[in-house]
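Contents: one structure, followed by commentary.
Letters A, B and C name the chains as they come in the text, with residue numbers starting at 1 for each one.
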């Protein structure tokens, strides 16, 4: 299986069955050289199984995995040039930092001098030049993270797999490590495959993200594509915050639909995803809070038109979070709708119990059949 | 004030059983034994204070040969128990499912439900010339005349390994259990093959369990009595037999007490050496698991 | 094991000495089968104020137990006649018997006099006989018809098919077989040492001929019944038992004489129920009780006509083994002088440790 390709990693129609359970179902993707690729999905979606197949700890039931164009089916894990950063890092506690990093080089049979140079080199690159002789227990969480990456990178892998490595860190450190990981990836110019259930990690760091659900890849794209142009209801609901209505089409015309929600609201939306819903079909409609404008109801109420939905309601509560503050608005049908608001701290700010008018563009009302 | 007294009293009450146990059952008897071991018999009901019993031991090659023999066979048993116990422990801790685990542990425990004596008789029934193994080999046509498997050092070693292996498996399982599976996977992922992962990762990680298992097994073996006596052959002397003979058959408590202390000193020395060699401490091994 | 011995030793001293026995309890320290349930129940029925507690043991352990407590913890012990004199001198664990309280007339005069002679210190008698038996040879008549003497265990024609217990009995038996009289040599321990050295050489060269040393009646019986061995040193009672199951297996008194032991009654120095002890002694001397006892032990009671009080099968086995000549040729174990146990122990260790001619 030799083919000339620019892709570091290709998966072709991978399937993995555990008994009757399809953990990974017909997944195909390719990752170009030097990119940061994330697989994002809820827990139990099969992403860990997929990663373990790439690393060689599991064998796919069918399909092919190619690294730099060469099939690795049947190659044992220790012979694949794919390295992995484990969820809990799996640093070896009985070895110090130097030995942890040198382990892989020793396995590869490198000479003592080469090992020393390479270990010190990689420690320089992760900006921890002085920790070589520390014990693992003496390192901070962030340092451990970097050592775990260095331990893999010193072996110059074709692909680096990262299995939710930030999960165990506290919030502040996690934010910092997100940026750091991205920088490290640039610096090493190696393909990173990053597995996570945390959309913000995936969106911030990745060049491309695959959304995985129930063993299948639902959509692959850049973070912006996924956020703004989801091709499936699952993606729209899973990536980013959103308001969601289930409803029925009461009118449909080239690309737009009028939807009546279960609670009785009517709104116009743009049809997304595959399949054009006809009158009477059930649809899911999604609107992100940042696209909804909330204004105090004044004497002259706005009215809905061809391009905008308008409804009125009363503010139930205000969730203050600085620039990301949000209002929870109860509409006439009794549902809660989330809308981003700007709170300046002045007297004009919206307060609970205020009557408000919500408006958003029909284009931003993403409607999916089914 | 009152509170403090109550606290102190309850602490004392908690500590008392342990202290009593240590003092009454361990310290006092050993002091008594040590005192007896320093008595030299010079005539009926006449004793003198001296080291003759210890000197006697070193002057008589039979005694120290038996001690060395007991020591080296105990080490062999320890090594065999480790070699056999490690895969079993690894299987229990890392491969078996949760439910089979309990069953496997139980199977390892079952031999301990019967006494040493019964276990030894079990082996005798299996191994004797007219025993089960010999007869089935004959029945299968593999041998023509009955073979005696009993009454030799191999039988003693096999019987001892069988008796003590659980004490090797338990600490090994508990350390291996604490080892994250991803540690092993990381070992492979970074390029190690099976032997490398075993040698560089699993064994170093399990070292505290290995050492603590070895200490317990070595002590139990060197101090065992029934198994070597019942399964042993014409030439297989065991040091505890020597001690028993001194105490019981020869009425020579003084010398028996000295032998007891020599066995204690010898096993302690071996264990100290083992700890030094493996770079472990008692705290990191026996006290931990 | 060290620990167990240490604890046994020291705890025995403290605990047992501390617990005073109730006057109506008879604590009996004796051999396995020497206190059959039937007899104990009968005794308790006849003496409702006495309960009997039995501890089974052997010569060495009996002495070790009593030594640990200075003769406390038990009210009646049954060591062999040769294990009293030196032990009493060394450890002072028995008290003199009041012969007026014992029905000595029921005892066979020759055995009584022998035991009295063996156990009198400063004019005080410390033991009276209870039962006697012998150590000798056991052989399977069909496969080893020629076994007649101790030395025949070393006969190459039975290579790998004989056994013995590595204890003092075989040292003494082999000494007689080599034409020595070890009991006479007790008076001259240097001479005894040369005999022991000779015996050791013989037994070391004989090692190759043995299958294994037996450790107790069970393994000896198993080896003999399965045919793994054809001849062995044995206790007569074991041989009689096997004779009952396989008529080919017989007890053979060695031609130099079977070694005879007499188990006795002796009262520990700190015994607390002397009257009950005397009652028990007299009770088991009664002919109908002797029958029950002998059926259980397989040994012959030291009463007049003791042999006739054996159960029929045992009597037949004895008659099949012993002629009158054999009885007259019995060698009763002589008192063991101080120091002999140590000499014999060393010899036994030497034999055990030797790799023989292998």
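The working rule: contacts are C-beta pairs under 8 Å (C-beta built on N, C-alpha and C of every residue); 3 or more make two chains touch, one makes a residue touch a chain.
Keep in mind that this is a model prediction, so the values were computed, not measured.
More C-beta pairs touch across the B-C interface than across any other pair of chains. The most distant chain from chain C, with centres taken as the mean of CA atoms, is A. Centroids built from CA atoms put chain C at 35 Å from chain B. Centres computed as Cα averages put chain A at a distance of 88 Å from chain C.
Distance between chain centres (mean CA atoms), chain A to chain B: 56 Å.
Residues 1-3, 5-7, 9-11, 60-61, 63-64, 67, 87, 89-92, 167, 207, 210-213, 215, 219, 222-223, 226-228, 338, 341-342, 345, 348-350, 352-356, 358 of chain C are the ones that touch chain B when the two sit in their complex. For chain B in complex with chain C, the residues that touch the partner chain are 25-26, 28-30, 32-33, 44-45, 62, 65-66, 124, 128-130, 148, 150-151, 223-225, 229-230, 233-235, 237, 240, 242-253, 256-257, 260-261, 263-264.
Across the complex, chain A is touched by residues 180, 182-183, 185-193, 196, 200-201, 204-205, 207 of chain B. For chain A in complex with chain B, the touching residues are 55-57, 76-78, 82-84, 86-88, 90, 92-95, 103-104, 106-108, 151-152, 155.
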